[in-house]
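Letters are used for the chains, namely A, B, C, D and E, taken in the order the chains are written, and counting of residues starts over at 1 for each.
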């Protein structure tokens, strides 16, 4: 089963690489990320699969906003009959050297793949130790928030920096969306009504993921993504850009300071393990608190990324000059 | 016994989905036909499959969660089809010979 | 159970074909949508085979995020002149 | 607990950065920056002294074995951290009086985060943590390069970040194979496992990892990215100093570490690559007119020299190369900051239009002269000693290659030192005492590194200079200077035949091809040899 | 040549996307291909973890008790969570830069972008 899925996976990726029109890339990319996450699931990596599924919606939105610029913002199409379509002659000769180069590298690569596997010891050690060392029942969360929390710190830092970078690099100099901007997307009443039903489900589900992350797959990152996708649904319902980006950015940075400070007191100085002998409750409190912080952080970060892409990157070009 | 019934129900769901596949590949039909067939039959197939699965697991936590998924799918799947069809209509997509050569 | 899983996996092929051959954007999107619902079915079957319930969370996540993504695609691809197939440059 | 200092050394700059960004005003940000950097300098000095007797080690979180992430400060890491903190202190003081300098809170935020990440990079012994830190530092550097909103060059920044991400994917892939083969993520443990392994097993992970590190050092196929981003229209000279003096040194540091882990595989290949990079860098530097591009290509050449020195498999060459990293870091920062002042005073970056610096500003000119003497390897300067050690491990024809590279460096800086003489044309502004003092201090420190106690203190090794050997090297140096001056006077000035190379540049696709080609050639070398 | 079945597909995808990177002219496609490359590497890591068994490393389920050797390695999964987030963050930055560039130059062609921006640099100097 895994092999079949992997084959589909490579096939859809090849579709992306060899597609000639930019908008098809997005649809193929949707298929690709779906199949990717199922393969992760089949390979026994539920957390990674979930993150990939959550990420794919955001990646799609980023690409859509980019491609919308590319095609220009026209009105809705009337029934267009494109009169003459020029057949594009594919010049295969152009690709032959590149293909030969890549194929040569591929053959070299495949010929020098190492044969030894020596990794079960560390795995067994993790699986044996994590329940008393960190707590919880999910080994991945234990590593993510316990053994390698130092990595997680820098990953959270990268998200903070990415938000700052997106704000700074963007063509639009102000951080906030100018007043009076509305989305031109018109939704039917049915869409709005249904989305209103879906929104609370998403919020509940995000809270469930955060609270339960150390027992089953999920955790802070996924919960944060769920919260962020709540904002997507809100945008679909209301279609206005009224949320304060600047305040959320400040909040994100405050949460980040908390993310750095909590492990300092809990993990780096070893308090958790001193108390752990008395009761495992403290460990669970630490895990849930850390999950909640990471969740808030990720929710803020992805909310800003989404909102900037959907609201600011799509503004008409003359708005920056008026400011 | 209950296993046999569940298998039969699930097989029924699979059969529905097979019909869906036939529907989306029926020659000479346009997009609106396809989305009508595919959306309806897919939802029904999913429902049938879920019923079979619920029969198999009896009254348990699994079935409860499955029920939640079924509700979400019942809400979302027709909604997506509705949005797709309405947006296609709004954007002025009229299936005709000229538009079909988008495929290349 | 495995047979049903195999059949659904096999069903992915015609949908992939529909995504690839088009002929319009909307057909591709329809194919994507169908693949999404098949994926959810695969996960449910998987959970049933393994006898675990946490895998069902995945189905919910896939449904929510996947459908949101599809809705976005539908909304954005419709109102732009993407279907003309030519960019501004 | 003294070993906890390692964790706090990484985390405190980051906390300060976010704190400054969220709460502080601009004035208090400057105050905090100076105080914090001074404290860091004391901490780094403490660490340098403490690591002389034995290494400071901590497993983050106190987990046993290799379950957690291990930080370790040995002498090499302590030297690099000391260099980092010293340079950052210089930069902070350089930016202190900002009448004509648009530093804002974002600038301080990024500066502190970059410092934290670089220190983390030097301390950590975990392969994956290195990956994360390298990504963070890349993104931070990109934002710093585009700090000036109005005049930034988005295209070069985007190319830079995309090439870096492609390269990091190679690193991550190699790491996967390394993990598969060794089963650990820790450097010491991996080195222990690798020592008992067949080298053919390791060819693939080694090639993948080294491709990414060579790209980080801007070795041969990718030698244009560093000059290109240094010469971005919107970037400042402080950022260029950081890139040339420090950021590229993190690549060199990783090169040393990974060569240690893999037991010095393919050192002949890197010797060749280093020498070719050095020569190519010199030729490209000679062709440039922009002062930043000239200095940046000179950096590429020096890094090539360092890589070549490290690949010689000789104890003294290694010491000399590590020492040359320190020397070169300080010298390049001094040169770039001096060049920043010069370009501010003259309002131009064209090296042919800048003349008569000695008449305009004595301190800047003196600092620049000290730095130029330092980089060319003049007697009594630190660089002369590091080059002496580097060459002491070479024999035969290779020695002449090294001497030729040094001759090329001298040629470049003979061309550069034309700015000191002559008369200034047009209106010239008055310099700022704060910046002058920083540049002067850096220039003097280049000189101070040539003192024997400084060498022994930094390297924690009693090195001995043989008097006659050193004298011989200095005679070679004097001859090279005379020859370089003659070549410059009678050939380079007369005919500008390097002009076509001035616009040498690689596009994104070419860069990807060269990454692939580098990887392929390295793999072939490993499989054949 | 000694390849596991989980290895071969990520390697193929890695080189397919590398081929795309060295042939495409479209900047947006390059960003997508970089994302594909990341996914290939992540898939490889997850495959390395699942070499001896693909049971999810969530203990408390019955799976662990039945066959403790078949549990997947949790370390690659935890690392790849980090790598995924890094990937999406960097992609967001890239896309923002591309948007800003497109607003300025109205093109997404690599060569055209390079020519336009280099002429701008010369004007500045």
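Methods note: a residue touches a chain if its C-beta (ideal position, glycine included) is under 8 Å from a C-beta of that chain, and two chains touch if they have at least 3 such contacts.
What you see is a predicted model; the values in this text were computed from it and never measured.
Looking at chain A and chain B, the chains that touch each of them are C. Chain E has the C-alpha centroid lying closest to the overall centroid of all protein C-alpha atoms shown. Comparing the CA-atom centres of all chains against that of chain E, the greatest distance is found for B.
Just count the C-beta contacts per chain pair and the biggest one is A-E. Averaging C-alpha coordinates per chain and comparing to chain A, the farthest chain turns out to be D.
Chain geometry summary: the mean Cα position of chain A and that of chain E are 12 Å apart. Look at where the CA atoms of chain A average out and do the same for chain D: the two points lie 34 Å apart. Taking the mean of the C-alpha atoms as each chain's centre, chain B and chain E sit 32 Å apart. Taking the mean of the C-alpha atoms as each chain's centre, chain D and chain E sit 29 Å apart. Shown for chain B are the residues in touch with two or more other chains, namely 72, 76, 79, 83, 90-91, 93, 99, 101.
Residue positions of chain C touching 2 or more other chains: 25, 29, 31, 54, 57, 60, 64, 70-71, 75, 77-79, 83, 85, 87-88.
Of all residues in chain A, those that touch two or more other chains are 22, 42, 46, 65, 67, 70, 76-77, 80, 82, 101-102, 105, 109, 111, 113, 115, 117, 119-120, 122, 126, 148, 151, 155, 158, 161-162, 165, 169, 187, 191, 198, 201, 216-217. Looking at the complex, you find that chain A touches chain C at residues 1, 4-5, 8, 11-12, 15, 21-24, 26-28, 30-31, 34-35, 37-38, 41-42, 46, 49-50, 53-54, 56-57, 60-61, 64-65, 67-68, 70-77, 80, 82, 184-185, 187, 191, 198, 201-202, 205, 209, 216-218, 222, 225-226, 229, 232-233, 236. Touching chain A in their complex are the following residues of chain C: 5-6, 9, 12, 16, 19-20, 25, 28-29, 31-32, 35-36, 39, 42-43, 46, 54-55, 57-58, 60-62, 64-66, 68-73, 75-88. Residues of chain A touching chain D in their complex: 101-102, 104-105, 108-109, 111-122, 125-126, 129, 133, 146-151, 153-155, 157-158, 160-162, 164-165, 168-169, 173, 250, 253-254, 256-257, 260-261, 264, 267-270, 273.
Listed in rising order, the residues of chain E touching chain D in the complex are 14, 18, 21-23, 27, 30-31, 34, 37-38, 41, 44-45, 48, 51, 75-76, 79, 82-83, 86, 89-90, 93-94, 97-98, 100-101, 104, 110-111, 113-114, 116-118, 120-121, 124-125. Taken together, the chain D residues at the contact with chain A in this complex read 4, 7, 11, 14-15, 18-19, 21-22, 60-63, 65-69, 106, 109, 113, 117, 120, 126, 128-129, 132-133, 135-136, 139-140, 142-143, 146-147, 149, 154, 157, 177, 179-184, 193, 197, 200-205, 207, 513, 516-517, 519-520, 523-524, 526-527.
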